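Order of writing sets the chain letters: A, B, C and D. Residues in each chain are counted from 1.
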Amino acid sequence: MDRATTSAASTPHRSALVKRRSKSKSHRQSYRSCSGGAASRIGLTPALTARRLNTSRKAPKSLNITERVNAEHLALLVKTKWKLCYATPLYQFRHTMLKSYARQLSAFIVAEKQRGLAVEVEGAQNHFRASFSVLQGLAEADDPETILIQIHSKPLFSSSEEPQRCVWSGWLSCINGNLDYLHSLPQGFTCLPLFGSSGTEVLTTLVKSWCQKTFDCSFGPLEINYTSLQWFMALLTNCHTESNIQHLKMIWSIPVEPPLQVAFTVSPQDAWELWSSVRTATRDLADPGGCIDFEEVERFTQGLKSHFYRHFRLDLSAGSLKEVSTALGGASINGRVKISNSRYMITTLALLTECALLKMPI
Amino acid sequence: MERASTKGVLGHLSLLETQMRSCRGKHQQLNRTEQLKAKVEALCVQKEQLKVELHTLQRLQKVRSTLDGNGADDEMDDDSENADILQLMAKCARLKDLLHAHHLIGGYDVVKTRQDKGLCITLTTAYEGIYLDTYHLEMDLSPKLRISRHDIPPFIPLNSLVETTTQTALRPFLDFLSQHLNAFTGRKQQLKLVKEQHKSVEVMESNVLCSVLVLLVRVPERKLPVLCILDYTDHSRSLPTGVKFECDDEPPNFEQWKKSCRILLERPVHKALITMKSLGCIV
Amino acid sequence: MNDPGKCLLKRVIRRIPANMLKTTLSHWGRVSDAQLQSVDFTTSKWALTEKLLNICEENELTVKHVTELEMIHVIDYPNLGMWYAFQLFDPDDAAPSVDMTQFKEQFKFHLSKLMRNVSVKIKKHTDEAIWIRVAWGDGFSRPNHMKPTYVVHHLQSSYVFVTRLTSKLKPLLSQALVLSTRYQGIKDANLSGRNLAALRNLLMRQYQQVFSTKFSTPLAEKSENISNPQIEREQAESATKRHQMACEAFGDGVLPQLQSAVYKLETKFRDHNNKTMTDREEPFKCIVKFTSTNLLESLRHCASSGIASTPVTPLLSSVPVKGRNYFVITDNVPGSSSQTNRPQK
Amino acid sequence: MSLLKPFSKLPNINTASILLVESEEHLQQSLADVLVEESSITVNVRLAKSLPLPKENDKDRPRIDLVVFIINLSSEQSFISAEASLKYLDPGYFLGKVCFMVTSARSAAVPTERMDAVRKLAASLHSPLLFAEHQTSEGVAAAAERLLGILKVSAGVVPMTTALYLSNLTRCTLPTDIEQPSFD
């Protein structure tokens, strides 16, 4: 699928953007033909294979989104620990048909239950009701709105008037996703790459298989690798001036027999001072909103590792970073995330959206 | 090696590879003669080294004899420059023999460690000719003599021992410590032997330091139970310092108890019990 | 039997593994052999508990007897929570001659003086260890047998191991222990873990330490034995040296099972390519916690595999040497050795 | 500085020797056990944690025909120590007698930047980059098979081809757009 042909058909009002891109594309084609490298023979479409995590990004501004996002949704987002997956673009997804999706999902779950699939959640639950709603106020410029899916149910023998409890919640979102990629999607596809879920594994797989059937998309686990974890550390420490991170905790695992785990917790003020000491002199520290680039993040981690090495003569880079956490939130390598302060919700979700987009098949 | 799980081209390819590898695995016989030639060469080199060593040892023996018998050492002046090396080697050999002697009489061994910055002392303990536990003590020489690591149980008061003996005098400290450890091992061994050899005597109480021992013995008349309490207040000896007997009603004949006390004070407890049984003090 | 006795018995029966129940009950001795035969040990725990409750009613057993049963079980399965080590220091001259009966009377006397209704049970185990079970009752209520404190002490050794002691009751227990063992004081030995035997072996040095002796027995060579002449390890010599130093620092063979070590670091930040931080006055405060199923073996493997450089830094090697797994490291002591070092090296 | 030279010694007949450099010292042992079972030529395997190699066994070390750097991507130190060892190799080795083997490349926890760094290093040295799966015996056998192929060529027992020629075919190349700034 040569990308050049389809992008021309994108919506007209972005024509200015299209002209700029086509010029750079021709340049790339010429360069590729002369190098005749093995790459072209193996048919790698160069533009997308080279996608890497941004090497520099805006510092998180503390956006007070409490009035943009409805309080109850925000409370749910803040207090829960989410398990992340990536989702490929959804086909024929309409923000307007949420009601019917809710009905379809509820029917699907009940049908699966009839087929004897073990669906009990803390005791037998008979009656499931799924609900779809739009999570307003998170999306940036061109992002599609975030969708919140919740499943409510009532225990089997409970009396009728007892309220239904929410046993599972999940969301599909895209927070300032990469414009090139969003625009390169053909018609009818909505890109909500980041899928967070919290609840029993059975219900998660049910929701996923329903989405796969209905929107012809596929899901996969989203791990957060070492570079993203380092970004998390730097971004969260950078917020200390505005809201106290109380501690910066890193969990490393060292590959020895029996496996050794090192929990390295730094006091907030010291972590922040180390972070501001590694910021390159050109940045004026007064404006925390300035741009952060990855060298500074690496110097920050290197500083922490050398402090550790000075005491224990043990090089942490022989092991791997498993988890990073502060009072404002944390992330772990197996894709579990907790954002405990709404002010940095946007930045965190933006970073995670970027990680998810990296997983998009070409 | 059939594996159903691999589908597709790659799985098939690696299947073919493993079959091809297993069929050509015959072992090739290493060339026998080459091996033997190498062995012969190694042996010659070793013979050479042994000859040189023998020669130096003989010279050393001669120097040792002159050094010990401080006989006339005129015949040594012909090759004077390695005379002093041989002197040094002789002194060193003598010191080594001394250390070996210490090891033999159950004293202790001293070994240099950590590029001569540390000393490791091995204290062997024995009782009645049987070697029992060995304890180790690693000491740092640089800045000042300090115990850096040891495996001596905490109820042996190592620190008070260090303070009582002066810092510099290592030997008295080691003698004192070796005495303490040997006494402790002796008491522990005696307790073990009592439990093994004297089924009729019941050990009511003892402690980790084996400094208190309470035995329940039976007097021949009417199998009267008597509590025998041995105190080892002097922890550097394996014989009790005090013996007490407790009995519900009054002891039948006072004379016999005094004799038993004396026996228990002078002889190790498992031997003392044997004599007391033979004298009929206890059953 | 009153209610506390019943629910204590239920809990103890539930905890004792089914295959061990028969032996533990016979070891308890409060239930006659005939009654033991009449119990069918293959039924469910619930049925067993009911049957044993009736037997105890028959034998008019009180809650005191049930505590004996719990004690027998706890001595066999001591690892039911975190054990903390304390150290008695400055023995007075009568300390070496304290014997079991003296200690028992003194401890009960002093503890009941400090707190009115408290139930104490003291038992001597075969390995010379004294086990004390204390059920605390506050001012008015009867002792609560469901939350007992267990204390293990070897007479004449200066170490005491305690589990399930609330900080409120700690001063009372410490006071009673100090007075009954005739020491001047007691303090936290900065050693804690889930495995009682491991703490005891570490402090009593009953594990295989490695010293360079004259007739040094060859250390258990690492797993791979290069039988094949065609494979040659270039740096074999430095590998064995690393292995030797690792074993000298942490010990050889199976090591006492510590689960964690915690270091509170309050030292200045020093890094040659970060001048601003190095010139900073205040210390760089952080807490490092190592956790593993067997911490000492993990650290030994770090050193022998070269992940941790050898010779091993005193911070890590002082876990086995000083028998501690909690350190506060500051700069004022040269070589950043621990600030709260104990008098006994 | 003791440089390891590719042609400093005479090769012995029908033997090839390979040096496996791995800081974790984990995969190299299982690879060695498989390599020595090769029957068509006698294979000497030398194992090392890093370079330089100790001088004392210089004299009884056979001529090394192929140096393999094994890098475990899940640990940063593995790449750093391999890179640091390169300067102890005589430039003569970089004519097809060096190859890189990477393990746990598929684990998602590995940052893509580390993979790029290894690929750039291998491409800049014109040496092949092999991927190995070190946890299963089939993976190790397959990796050993690939190494054996390159070893035979660099030991000169394969007629009509030389190490340099083979390395031209198998050397690692960078996708052209890897240099471009990513995303916006």
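A few points about this structure:
Definition applied: a contact is a pair of C-beta atoms (placed from the backbone, for glycine too) under 8 Å apart; a residue touches a chain by one contact, two chains touch by 3 or more.
Computed from a predicted structure; not experimentally measured.
Two chain pairs, A-C and B-D, are compared here, and A-C has more C-beta pairs in contact (counted per touch definition above).
Using the average of C-alpha coordinates as each chain's centre, D ends up farthest from chain C.
Every chain gets a centre from its CA atoms, and the centre nearest the mean of all protein CA atoms is that of C.
Centroid to centroid, with C-alpha atoms defining each point, chain A and chain C lie 44 Å apart.
Inter-chain spacing, taken between the CA centroids of chain C and chain D, is 49 Å. If each chain is reduced to the centroid of its CA atoms, chain A and chain B end up 64 Å from each other. Listed for chain D are residues 24, 42, 77, each touching two or more other chains.
Multi-chain contact residues of chain A (touching two or more other chains): 315, 318-319.
Working note: touching chain pairs come out as A-C, A-D, B-C, B-D, C-D.
Remark: chain C residues 224, 228, 230-235, 237-239, 305-307 touch chain D in the complex.
Within the complex formed with chain A, the residues of chain C that make contact are 263, 265, 267, 269-271, 274, 276-277, 280, 282, 284-295, 297-299, 301-302, 305, 307-309, 312-313, 315-316, 329, 336. Put simply, chain D touches chain A in their complex at residues 24, 74-78, 80, 108-114, 116, 173-178, 180-184.
Partner chain C is touched in their complex by these residues of chain B: 103, 109, 111, 113-114, 120, 122, 136, 138, 146-155, 159, 205-209, 211-212, 214, 231, 233, 235. Here chain B touches chain D in the complex through residues 14, 17-18, 21, 24-28, 30, going by the rule given at the top.
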